[in-house]
Amino acid sequence: QVSGDVIKIGIITDMSSVYADIDGAGGVEAIKMAIADMKGQAAGKKIELVFADHQNKADVAASKAREWFDTQGLDLLIGGTNSGTSLAMAKVAAEKKKPFISIGAGTSRLTNEDCTPYTIHYAYDTVALANGTGAAVTKAGGKTWFFLTADYAFGTSLQADTSAVVTKAGGQVLGSVKHPLNASDFSSFLLQAQSSKAQILGLANAGGDTINAVKAANEFGITKTMKLAGLLMFINDVHSLGLKTTEGMYLTDSWYWNQSPEARAWSRRFFEKMKRMPSSLQAADYSAVTHYLKAVEAIKSDDGDKVMAQMKATPVNDFYTKATIRKEDGRAVHDMFLLQVKSQKESTEPWDYFKVVTRIPGEEAFTKLADSKCPLVKK
Amino acid sequence: MNKKPLGYAALFVAVALLPLLGVYPIFVMKVMCYALFACAFNLLIGFTGLLSFGHAAFLGAAAYGAGHALKVWGFPPLLGIAFGTLMAALAGLAFGLLAIRRSGIYFAMITLALAQMLFFYFLQAPFTGGEDGLQSVPRGSLLGIDLENDTALYYLVLAIFVFGFWLIYRTVHSPFGQVLTSIRENEARATSLGYDAARFKLLAFVLSAALAGLAGATKTLVLGFATLTDAIWTTSGLVILMTLVGGMGTMVGPIVGALVIIALENKIGDLGQWLAGVTGIQWFTGLGESVSLVTGLIFIVCVLAFRRGLVGEAGALWERLRKPANAR
Amino acid sequence: MSDFFGVPLPALLGQLLLGLVNGSFYAMLSLGLAVIFGMLNIINFAHGALYMMGAFLAWMGLEYLGINYWAMLLLAPLIVGAFGLLIERLLLQWLYKLDHLYGLLLTFGITLVIEGVFRSFYGVGGQPYQVPDALSGATNLGFMILPNYRAWVVVASLVVCLGVWVVIEKTSLGATLRAGTENPRLVQAFGVNVPRLVSLTYAGGVALAAFAGVLAAPILQVNSLMGSNLIITVFAVVVIGGMGSILGSILTGLGLGLVEGLTKVFYPEASNTVVFVIMALVLLVRPAGLFGKEK
Amino acid sequence: MSNLILETRKLTKEFKGFTAVDAVDLQVQRGHIHALIGPNGAGKTTCFNLLTKFLTPTRGQILFNGIDITGEKPAQIARRGVIRSFQISAVFPHLTVLENVRIGLQRFTGTSYHFWKGLGGLHRLDGRALELLELVDLRDMADARAADLPYGRKRALEIATTMAMEPELMLLDEPTQGMGHEDVDRVTALIKRVAQGRTVLMVEHNMKVISSIADRITVLARGAVLAEGDYATVSRHPRVLEAYMGSEAAELQGAH
Amino acid sequence: MAGYALEIKGLQAWYGESHILHGIDLAVPQGQVLTLLGRNGAGRTTTLRAIMGLTDRRSGSIKVHGQESVRLPTHRIARLGLGYCPEERGIFASLSTEENLRLPPALKGGRGKVMSEDEIYAMFPNLSERRHSPGTRLSGGEQQMLAVARILRTGADILLLDEISEGLAPVIVQALARMITALKAQGFTIVMVEQNFRFAAPLADHFVVMEHGQVVESFTAAQLDGKRALLDELLSV
């Protein structure tokens, strides 16, 4: 029994702004690929895709989601980039008792304070980033930190989680400055950072913001006195900054197109369509949707609760990752990678940017169930 | 003259029936909120000639005020709305005292700037949740009726809207309204008759702000969140557009305007898709993301071609049609 | 001594420099607004959008046609100026007899359209524009690092502002303009083609905005919303200055830029709002603005 | 109490550049129709604007019934009973003729800030309003929109509205300006009628009007008082003749 | 007919709603002086303003050198060779004396003699002294001179002068009188509005008396004596 005789999948993400590169149209394309690979059918019913741009506005995302659930009988909601919007969408989905898979959002609140029975946090989260880059950089000797933080849910989470890791690793946080999302000029924030005299400038932001921050830092010669740590960077960011400015930077990610033959194979297909290599998020979009459709296929139903149970019961195992989705809080637990940006001569082919420094086991990367702040977790 | 009340009654019944006809209630409620917002704005521009370019500030102030009261302090719905409205009124008083000192273009610029100031405050103030805004504001229940039920809420919102509209109607057709009209028509003359124009304008401004607040607070209750979008300057522009399209200084114009613009904003994406379909020009698919392009064009057309707005022009047409009739 | 009220001197000077940079944008834009207002009695809301357009033209020139920064610094203002001429002839000129508010509304509409167009092509994300090689890099002044390009922006805009001032105060064209703002009908009665003068004034004013836009391109992200974010602050600047005098708007612009810079050092939270707060205070004590003529 | 209703002492207004009103000492007797004449740009309207505080004097004092009102706001002065009309007609075009007058009467009801009240209360004023319209024989047009009145009738309506304020002192700026002859005579008669028991200070270019109704005349030229007195004195005053037509004419005058 | 520099038929003019001119007929032959007389508010200034197209609305026919001009925009009218000296003088506060003087551009259509600045300063010595001080700092008299001087540079051959003698000391008035005679000799056509009858009488070839926006009397210098009594009655205060 499939509601409305179609399986309706919707993705709401940033299609026009700072995060458009790392998910956006590419993400939509990835999902289309997933649907195509299912022959456009699951449980014998047609699969339809709707997508929308939330312009990084939580309210736009929430009302769009609500409208889709109410008027279009949406069955699965995919949350693209931007934590604020994902938090908003999670609430709506929970209210409508429909599965919500957050791909692009970073905030760990999705599986902690704000967890719901219908949320799956799929690709990564700020805790994992902290445990990756944060720990690595501190171990490498970066003891004093100053944060440049995007002023919304994601930035705050990332700063908080990283600070925790840094102090645990014996480092020290000297301060932080918040900047608006999609800020146009970082120089004045950076000057504030500089006067802190910290060794490490932690960039608790993403996408275009990270790129511009790095640029401005170079312009004002801040890179001479401080070392930059991009806490969330994607291959697209490195691509547009160029290896020259990013060489040697650490970053933590859930996936890299060149990490395995399967990954390479899929990425080639993606490249054919989008003329650029996929980011981990776009790969995750594909993987997540496939996982959902398989679940529907298996139980021949798109009923919210049943599908959720099925998805949590079956492990993920594809070119993107090997993951189990935790029943209690909906956290998809899988390995993460600490990557380092290659130097120009190390890079042998286009988009060959990273070398894997270490593989961080899922259990270490993500919040342990014991430490979870999710009210659904019984202690 | 005496046909008017009937007209309003008919309108009321029609709107009351909508949800039963399967119209998406949230959409209609949203329209009602913006319609009330536009009416409030219109009270100012239409009846004092003051163009406020910062009315979003009042929508926002009330939205956050109500949101906070409902979510954090757990106020009951109506009290929450009242609180939000109060916040807007206070903001209105503060803005008014400053802006009334200049008129015309300066008034517009000043209100715009003050609104921007408030916007930045909201952006940074802890209680607003910054970029994320206030999420999942509870609707609560009224007289034991659970407002989480859209239909129940619908009739509450309708009631609020009718009340707001009635108040505006009253104001316009009151002794105060008479003086306002005279001030708009010829300020120097009104002053020379002993009316302190500034005072009257200020009261009008505060009233308008409060009503805009009522709209904002109600909107928060309906959609369950208050965000920066409520307070940003483009929203101020939007309400001007609604009023302009509907017809400044007309009673129902703003309502029509609000309906048209909101519908447009919702459907423009599909429209773009459709255009792309028929013309085969891919660019149209992006239309959904650039609503402003279309609204801007409407703006220009309205200002150049019909400044009286839909309702205004219709009324003028009607006049022209029956003038010769009763001439004979 | 490298500290100043507990603030490291480099940071302080750095912020002041940034303030000055912003200030020069305020100055150029409010200058243009004032000139236009003088002749047309219209507050040109589209000023911000045309500034954005200037920046985008610079970017597009480089991206699609490989025209370098310096050429665009000249071309963009010309193109935008011509565009302004079009706007004035096609749209604005029909409003002069009406309430000035319609001018504001129309230009607001124009703003939405321009932004909408760019947005529909480029979204709201920023387009990176490289600092021209000649000005890339920074000079280490010892007490602070001075990015060459920012220094150039300040110098260039000061020169332009003063240039405009000279033209208006010292040349015969300027004299005609000043006379035109005082009593256009009489000037026309002397055989001056005032309508054309008006068009050219508008073109000139917006060209100024475009110039500012090109200057801004390498510093700020070239982004379809960059104009509207700026213009509102500039409005506040205009209210503070009072549009009375050319020099007035220049000084107010720079001054407020510096004030902003200082706020960023001592109380960053208020840096966004400080200009508006000042506006409120000015309104209380001197409603006509610092350089405005009392009515 | 003195029979001076209005007095100015060294009243001066400078616009940057030049002096529009220059140390004017004006004295208006209670009950008079007092005319203010002078060439265009003499400063007549500016004087009115000063007396009603639409402009702030640069120097000098204004006394109304012996009270210094120089510091008061326009609206306050109006409430004292000094009501002005304007050089260019000043009615409320989109209100009906009746409503125009009612706006004036309404002020005494003290309900002007009551935005929650209906208009019902105001209709009690209609009677008085109609009386006033009667006075300027506009009664039959009570329900017309003011905008639709011919120019001359607008000036009449304006006077009716002014009357509604029960003014002690009426200031009329060129009440007959831009009118055809018949209207001029009408308005002249009207002014004479309404002047019963009040004081009128009027600017007028039309000598016929002035000679027929003015008790006293002050001649302004370039902001300063040139001469003052009744029509006979003023019209023979050499400086006035000089200013108006040159002394040759003055000689002519002397001739017969 | 030919020879008329300025020919006006049935001119009506409005300020906003107030209808000021109710059908004026005038004709000024090339190179002659016409004086508009009348009481205050008679509509003489308005007549000049209407000729220049400066009233809110106007209708009728105004031929300049035989060319119809009621439908032209003001600046085109001026370029037919008209120079206007307004009643309120219209000196620009933000311009120096010199700038004020140089403001009016040379008129393409102008066939009149173009006076050089030196000639002008020679005619009005005070101006050359004050050339750098802001226009409105000048005394009323100097402002009046400036207002007249200004239009002599442009090559306009028809001068509209509104009460140029007003508020000037006798000496200067005489200077102006001499100037006008000189200008007339140089072939300028002049329309003057005058209160100062003594000033106007010897200069004018034609007199036109206005009242309430209409022409009530029109006669030549030759007929002047016969009209004194009438004039006295028409103009007496």
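As written, the chain order gives the labels A, B, C, D and E, with residue 1 at the start of each chain.
Keep this in mind: contacts are C-beta pairs under 8 Å (C-beta built on N, C-alpha and C of every residue); 3 or more make two chains touch, one makes a residue touch a chain.
None of the values given here were measured: they were computed from a predicted structure.
Engineer: Just how many steps, at minimum, does a route from chain A to chain E need if it may pass only between touching chains?
Structural biologist: Graph distance in the chain contact network comes out at 2.
Engineer: With a step meaning a move to a chain it touches, how many steps does the shortest path from chain A to chain B take?
Structural biologist: 1
Engineer: Computing the C-alpha centre of each chain, which chain sits at the greatest distance from chain C?
Structural biologist: D
Engineer: Among the chains, which has its CA centre at the largest distance from chain E's?
Structural biologist: It is A whose centre lies farthest from that of chain E.
Engineer: Of the pairs B-C and C-E, which shows more C-beta pairs in contact?
Structural biologist: Most contacts of the two pairs: B-C.
Engineer: Report the inter-centroid distance (CA atoms only) between chain A and chain C in whole Å.
Structural biologist: Result: the chain centres lie 39 Å from each other.
Engineer: Please report how many Å separate the Cα centroid of chain C from that of chain D, as a whole number.
Structural biologist: For chain C versus chain D, the centre distance works out to 48 Å.
Engineer: Just the number, please: Cα centre separation of chain D and chain E in whole Å.
Structural biologist: 32
Engineer: Roughly how many whole angstrom separate the Cα centroids of chain B and chain D?
Structural biologist: 43
Engineer: Out of chain C, which residues touch more than one other chain, so two or more?
Structural biologist: 119, 123
Engineer: Of all the residues in chain E, which ones touch at least 2 other chains?
Structural biologist: Those would be 93.
Engineer: Among the residues of chain D, pick out those that touch two or more other chains and give their numbers.
Structural biologist: Touching at least two other chains: 16.
Engineer: Pairwise, which chains touch?
Structural biologist: Once each pair is checked, the touching ones are A-B, A-C, B-C, B-D, C-E, D-E.
Engineer: Using the touch definition up top, name the residues of chain B that touch chain D in the complex.
Structural biologist: On the chain B side, the touching residues are 167, 170-171, 173-179, 181-182, 185-186, 188-197, 199-200, 203, 207.
Engineer: Which residues of chain A touch chain B in the complex?
Structural biologist: So the residues of chain A touching chain B come out as 15-16, 52-53, 55-60, 62-63, 66-67, 70-71, 83-84, 87-88, 91, 151-153, 180-181.
Engineer: Mind listing the chain E positions that touch chain C in their complex?
Structural biologist: 52, 54, 73-75, 78-79, 84, 86, 90, 92-95, 99, 102-105, 107, 150-151, 154
Engineer: Using the touch definition from the top, list the residues of chain C that touch chain A in their complex.
Structural biologist: Per the touch definition, chain C meets chain A at residues 7-8, 10-11, 14-15, 18, 119, 123-126, 128, 131, 138, 140, 145, 147, 149-150, 219-221, 223, 226, 229, 261, 264, 268, 271.
Engineer: Given the complex with chain B, which residues does chain C contribute to the contact?
Structural biologist: 43, 91, 94-95, 98-106, 108-117, 119-121, 123, 228, 232-233, 235-236, 238-239, 269, 272-273, 276-277, 279-280, 283-284, 287
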